[in-house]
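Here the chain labels run A, B, C and D in written order, and each chain numbers its own residues starting at 1.
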């Protein structure tokens, strides 16, 4: 009878990531002990996410991507949420979680969005002549007034972090059609629409790089989350080390603009 | 008047981690752009958490620590919680957060506990003769039947991941009093209590290493969280890629053992 | 100068819900102390969400809605996530949060979806003859093979919880065009498509009721969250009271189906 | 063989709260359908948490407790965390969860702490003469300079919300030894230490009431969480309805006080 049940209801949890037999761990087929001796953390991240080891150039890009997003200061909502949760008298891990919960469509979501956009745009396209493809694509986007994801910077006409990522890529000999296309598109916007400031931004650059490394766009947020988690940890540690509990808004930071006092007749 | 308010209520948010002036980012004083070109991710993590750059040996240890904890398979509660949250129809980042919320006293908490224990144990102690200190400490712990944190393994008499971490440390020329002491303590347990299996475990080894690197024990959980986040991301991506929504427990996996049906007279 | 800053940057936090002046609290204009003496919790929930007090009939419907969703047993992913987080050695509130994080598009999201669907469907429509409108709507939906949200039940041909909610509504004299329309639509599906089982389900009924009470569809999830939170609390308390920490999947509950062991040449 | 496995590994999930057989739901033995028709939400909460139906007086107290904590304005960290998470572009339920994650030792934790303290204090004590027991207890606490949990208010010499809760209790004929004792203790502090302002506060009053209702102190946080969740929902709905995404700290709200810019030599 028990077997019948088993036939009807197959094992519900399956994974192709890690085999753990009584503490003997293999990740994507490789012995974790061997990995400790010989892999860098970014190479191990590449392996766990993608299933294969990175090339040297890919490993360098993983490092550069993660460093580029490691922290952006105290102002973003993720840091505020993380510190507020900690200040209520909560655990370190729960506070990190609150920070990560803040990473949505408007906060760290641009890599995923740009990667999806780029993959769909190039899917099935002839990429033998990328400059020409970029030229035509930009012409179409300008004519149809559609937004091209991954371009534009609030202040700079050249995004300095993008420049560095591209430098690392050039030095490492890294780069495929997605990155090439994005750079050509940025060039074309400068030619066809010089009055507008639309440099390749850091999210667009990272998106193109992870597409060239063969990652699924569904992993776009993973890159931001992995990169920024150390920054969140540093902020929570700082909150723990030198701030008092219970971060209430100050009197002069909030107002009530609802209905006036009224009487409850019930 | 406005100044008076400012005097009474100082700026409530301050940080010594990162300066971000309109996108021009300095982390612990260093230009983020320069970091992209020249720092590895583990070195940047060291910097953001500690405020200074790691030595080469420290950078190698950071890599080895993070790799050693990157994933442990599908069975732990963190992976289950993360996949269940995703399966309800929720976002990637919220699912990662649920996994991290699972890392408590019984899950990934041992590094923090061991580091705190070790720092407090050695504080103010004369460490000029560590073997003797270890010999006396173990004698006391055995006599008083107190538990020594960071030792013991469910299966192995030597923890294989610990061995690799120690190998990396030896090759890199890394190691200070905390790691030396822990290794001597493990040796003493083998001598003084040979019938018991109390090898230095991976949490104890990592704890000793981060104490030697000068980290606060309050950052103990940060090491586990940073290390395991890529593993959680891989599991959520796998859930997204090949499982159906809504992970309900199967009929044969749960029972009701409460009161029998009864009538509501109200 | 300070004033200039103030002009440029207005107070960033504003609320029309609650005024709290040094602990003297008014909610939607009413003194919280008076509310304690005279309002039921569901009436207070109505007030805080909507800004006005409920009628007697509305108060009865609030009670019935919340009771109908208070718990559904141990099987849903939210309970599993909440218990797993607790089992890792985490706090009560963090575990409740993990449960609520599981309520997504596929888990407790149907009220929101149905309410949005229903409001958009009836917007601008002439509702003077609801039976006729329902008849035409169902005809169109069947012809165009579109799915009508809020109908259908896996097992029952009549959803028993819906029946009770409708009974409560009838006894209380509650009901407007949305609920009437939904009931007529369900009737029409029975007439026009008798071979299919599409009774008004509990999510569709609640959606219609909250639309009749004038709530924004954006509050659809709030009704489920408020209703189910006590159930989550009961489960976490049960976990705390009688289970051991660390809910790892059993050996026979999971499999590894990834690549075979391989050698790391690096 | 399969049976052997089953013997070794019993069903891992069990519950005495709710029986759900293909959608036929019984909560603590009672048919959920019947509950919809006849129970108020607070009575159903009492049932799901405690296992039995409340008396009329207990039901009134449940209402009063929940109303007393339903919201406290925009200033507390829970509201800030919830709104920040939403502002990053995240879901309603994830934002509610962030608010609940903020409820820690310093935010909504006082009910649990007071209930635990009170139960332990009275355990095994002779309560036949409560005024005398209170008199002696206060004398001891003052002599030993120990803090008595549940007393004290930042502003008021009488906590107005406590007064209302006591009024509701008196009108309903509710009250046992815990509430009586707490009131006597407050009276004694006024007599023995008149210069200090130590009225029974709302957390202490709720703690005493739930102890009198026979609840486990481990459910102390549940009362605050259930009560405040509607308030959090109202705040997130307000954020959704009238605020722009991405709540970044304003320039004048934060400062950097870390090391000066320095050069990366690596």
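Definition applied: a contact is a pair of C-beta atoms (placed from the backbone, for glycine too) under 8 Å apart; a residue touches a chain by one contact, two chains touch by 3 or more.
None of these values were measured; they are calculated from a predicted model.
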Relative to subunit D, which chain's C-alpha centre is the most remote? A
When contacts are scored as defined above, which chain pair ends up with more C-beta pairs, A-B or A-C? A-B
Chain centre separation in whole Å, for subunit C relative to subunit B (CA means): 37
Quick check: how many Å separate the C-alpha centres of subunit A and subunit B? 22
Centre to centre, by mean C-alpha position, how many angstrom separate subunit A and subunit C? 31
Would you please write down the residue numbers of subunit B that are in contact with two or more other chains? 12-20, 35, 39, 73-75, 80, 90-91, 93-94, 97-98, 101, 103-104, 108, 247, 249, 252-254, 256
Give every residue of subunit A touching subunit C within the complex, in rising order. 11-20, 26, 28-31, 34-35, 38-39, 51, 53, 90-91, 93-94, 97, 101, 249, 252-264, 266
Could you pull out which subunit A residues touch subunit D in their complex? 2-3, 6, 73-78, 80-81, 84-85, 87-91, 94, 97-98, 101-109, 245-249, 253-254, 256
What residues on subunit B touch subunit A, complex-wise? 5, 9, 12-20, 22-25, 27, 32-33, 35-37, 39-42, 44-45, 48-49, 62-64, 66-68, 70-75, 80, 91-94, 96-98, 100-101, 103-104, 108, 112, 153-156, 160-161, 163-165, 167-168, 216, 218-219, 221-222, 225-227, 229-231, 233-238, 240-241, 247, 250-252
